[in-house]
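Paired with chain B in one complex and with chain C in the other, chain A is shared by the two complexes that follow.
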Partner chain A sequence: MPTIELAGKTYEVDEDGFLEDLDKWNEEFAQAYASTEDIQGTLTEEHWKLIHYLRNYFQQFGIAPMIRKVCKDNGIDMKKLYELFPTGPAKGACKLAGLSKPTGCV
Partner chain B sequence: MTTDIGPPDYKTMIPPVVQRNYGKWLFHEILKPGVLMHVGESGEALYTVRAGSPRLLSTETIRAICEIADTYCDGYLRFTSRHNIEFLVSDKDKLEPLLEELARRSYPVGGTGHSISNIVHTQGWVHCHTPATDASGPVKALMDEIHEYFVTMTLPAHVRIALACCLNMCGAVHCSDIAILGIHRTVPKPDNSRVPNLCEIPTTVASCPTGAIRGDMKNKTVTINNEKCMYCGNCYTVCPAMPIADPDNDGISIWVGGKVSNARSTPKFSKLAIPYLPNNPPRWPEVVDAVKNIIEVYAAGARKHERVGEWIERIGWERFFSLTGIPFTDKHIDDYEMATETFRSSMQFKWR
Partner chain C sequence: MAKSETPLLDELEKGKWPSFVTEIKKAAEKSPMANDLLHQLELSYKDRIGHWKHGGIVGVKGYGSGVIGRYSDRPDLFPNVQAFHTIRVNHPSGWFYKTDALRSLCDIWDKHGSGLTNMHGSTGDAILLGTTTDHLQTCFDDLSEAGFDLGGSGSALRTPSCCVGPGRCEWACVDSLDLCHHLTMNFQDEIHRPMFPYKFKIKISACPNDCVASIARADFSVIGTWKGDIRIDPAEVEAYASSDLNIQREVCDLCPTRCMEWDGRQLKIFNEDCTRCMHCINLMPKALRPGEEQGATILVGGKAPIVEGALLSWVLVPFMKLEPPYEEIKDLILRIQDWWSENGRSRERLGELIKRLGMRTFLRALDLPATPQMVKAPRTNPYVFFWPEDIQQEVK
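Entry: the complex of A and B
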């Protein structure tokens, strides 16, 4: 199984870099991962707001929220979402938030 | 970096004769199998030579095609919606030399009129993770056997063949004269150790068309009611931790009678003809024989312009099964409730 070393810690990930064991997520993981998802420097408050929103939603409902729900609940639009996470809400934000890899005909 | 620029404008890549006669064509003729002539109001003509392609092409093949187009077509060519190559010839004198060159290189010229043109197909074992069969393999095996129908125009009407390697039905299997569709016959097996990390359980439960999947929230996994499962594999699409592929039981079903055009009769969905044939690579002889049989019985019995579905509706399904010798089984009886049959799936209607 591939592993990735971030900020001195080793994590088991799949070939696309998604966490294999979702419980291993922590904030250092998200921060250390940001640069591989085209996010410069440290994560801002806006980033963290979205990451925690995604995690809370996933914990409560067992699924990642629909994109419309993300935008509505956070008062942002898709453009802003892509400014924050250039690789997109699924590949970028969900990966940093430690959610399971999006599936289906993506 | 500039993004969202879209594809290049197609009008920059069409032959000058098409530019000049754009939207001003008078008529067309099929000169011979695979060769078309379009004549514009101006009197100018465009000659089109249609050649088969395997759809999966190497860059080298594409370069070879470009080279041919450079020599005979001033560099102009196009691909059709069934993945055939069309060489667009403006200079009539270059038509015969082009045909000779294509014959020399063994490019099959055909696919026009009442023929069997290319098979619309999918990824199969080449690239996809949910297939129940291969795509390129069966397509090659079948087109080898029915090659004469590609290069001639002897059928009552054109016969569209499509292949999809799983029930996602990418492509056109649901609306083709003859459709080849990969199916599973066993229940998927959830891997309880991987489901919690890989899958969204509510999504997996909701993906099941028969409600056979239930969430097991205590163990953060799912359970399947085997009696309700009909092996569609949809849950595997959304949850990678419940594989369904089974080399011994996966195989192919054959469907017939679909069409998309509004000519003469409304568009139709294809209907089940053969519930299961085994995967038998590399030549899939059972599948090839079954399709050939349907084509031959259809060609012998249908009237001119009558598509497979129209022919079956005229003679009735009982007669279709008796003429083709295909056994009718309980698997043929639809047991899935869908309202779509009551919808008008056609553009045929009158303005008030």
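Entry: the complex of A and C
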């Protein structure tokens, strides 16, 4: 099992760097991780809103929401989503939110 | 002679056909990745199980699609394929490349990956097989520099593809190459940033021969067609008559609607019964040509057999003129995608959604009137089957 060290703590992650255990997540994790997903500086209000939204959804349904739902529920469009998370909602946002890897098809 | 390390794969080199094993072996001479790939594959054949883990999530900046993550589940044995990601490169319309474009593609891939390619994948893209996570961005940068872009993957619009059409083929009823390029440029966002319930494929064939099999492989199929009469050149008909083509048996008798007549001198077509299957035109290309008024039929719903079983696309718009700037078709695509995104469940293809909610609902949402030409499946009767003895043997 690969591990990653962020803000002085060690976390177990999969080979793409997704957190293995949702409950090990904390805000320092997200902040320390941000730079690897091309987000400069501190996470903003808008980042946190999305991160918490994703975590709530995941806790409730056990999967990541569809992108359209993410945009609708948060009143943003795709462009904004990629501005906030340049590596994309699946790779960037879900990773910082500590969700396990979204299963997607090729 | 030394014993082969890959006895099982070696079997796949026998016979007179090209072999991917031979190709991987050649690549293995200079690429440690290709070498580990070869040996992992041998192990897979031995263990009768694929040694790849389920797909990973990797990508390049600004894009949510275009790269397919792959990891070995035996990195202890095959460290060079621990990560072996695939890059999809958007192919040019109709797969027309200059050789120097191909060379630059190969050079980039030798620099960043295993050197192995799959030209082309079933989506149409040029497939670059096998690289590591840290090479993705730099490889993408080099590809961009050389004028290439990534294709679609995941729940995105997949790279549109089309037949060679007017580039080489006299039967083309629409400019499939131009339309494909137009749609690709127009829907960049949908290709690079997955936003749908699932994948969405657009394929364009310029005539009913449907060389890209759009009817079976695309959610949105565009197939060239014509209105009015098949054009006949009587002099060429005569030339065929005196060749070894048996017009009665091979052409008329095999016309699916039996709408042709041949009296030994003159060929007649009752065009109102023609279903534009292309059979006669394919057999007598010099004598017969598609009618003059040309456009395309738009069909929807095709997909491969997963979740709900295979579907063939069915007719939505019987005839549409297709000329730049293609506003009508772009608008139709947008409205369909919008309805699907709004109503589709996760992993539900367009055809499945239409089946679930009903064609009525779908038509109303698109504001299209139902017409008799919106054929779901021609001449189907679930109680009529063919037995082997019913099938006529060999014509000639």
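Criterion: the second predicted complex is superposed on the first by the 105 of 106 C-alpha atoms of A that agree within 3 Å, B and C clash if a C-alpha of one lies under 4 Å from a C-alpha of the other, contacts with A are read in each partner's own complex, and residues count from 1 in each chain.
Methods note: contacts are C-beta pairs under 8 Å (C-beta built on N, C-alpha and C of every residue); 3 or more make two chains touch, one makes a residue touch a chain.
Values in this document were obtained by computation on a predicted structure and should not be read as measured data.
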With the two complexes superposed on chain A, say which partner A:74 touches: chain B (first), chain C (second), both, or neither.
-> neither
Contacts of A:101 with chain B and chain C, given as first, second, both or neither = both
Which partner, chain B or chain C, touches the larger number of chain A residues?
-> C
Return first, second, both or neither, reflecting whether A:63 touches chain B, chain C, both chains, or no partner chain.
-> both
Looking at the overlay, what does A:36 touch: chain B (first), chain C (second), both, or neither?
-> neither
Dual-contact residues of chain A, meaning touching chain B and chain C, are 63, 101, 103-105
Can you name the residues of chain A that touch chain B in the complex?
-> 19-22, 61-64, 100-101, 103-105
Given the complex with chain A, which residues does chain B contribute to the contact?
-> 168, 196-203, 215, 237-240
Contact residues on chain A for chain C in the complex?
-> 15-16, 18, 38, 63, 66-68, 71, 78, 82, 86-91, 101-106
Which residues, counting only chain C, touch chain A once they are in their complex?
-> 53-59, 61-64, 68-69, 71, 82-83, 86, 153-155, 189, 193-199, 341-342, 346-347
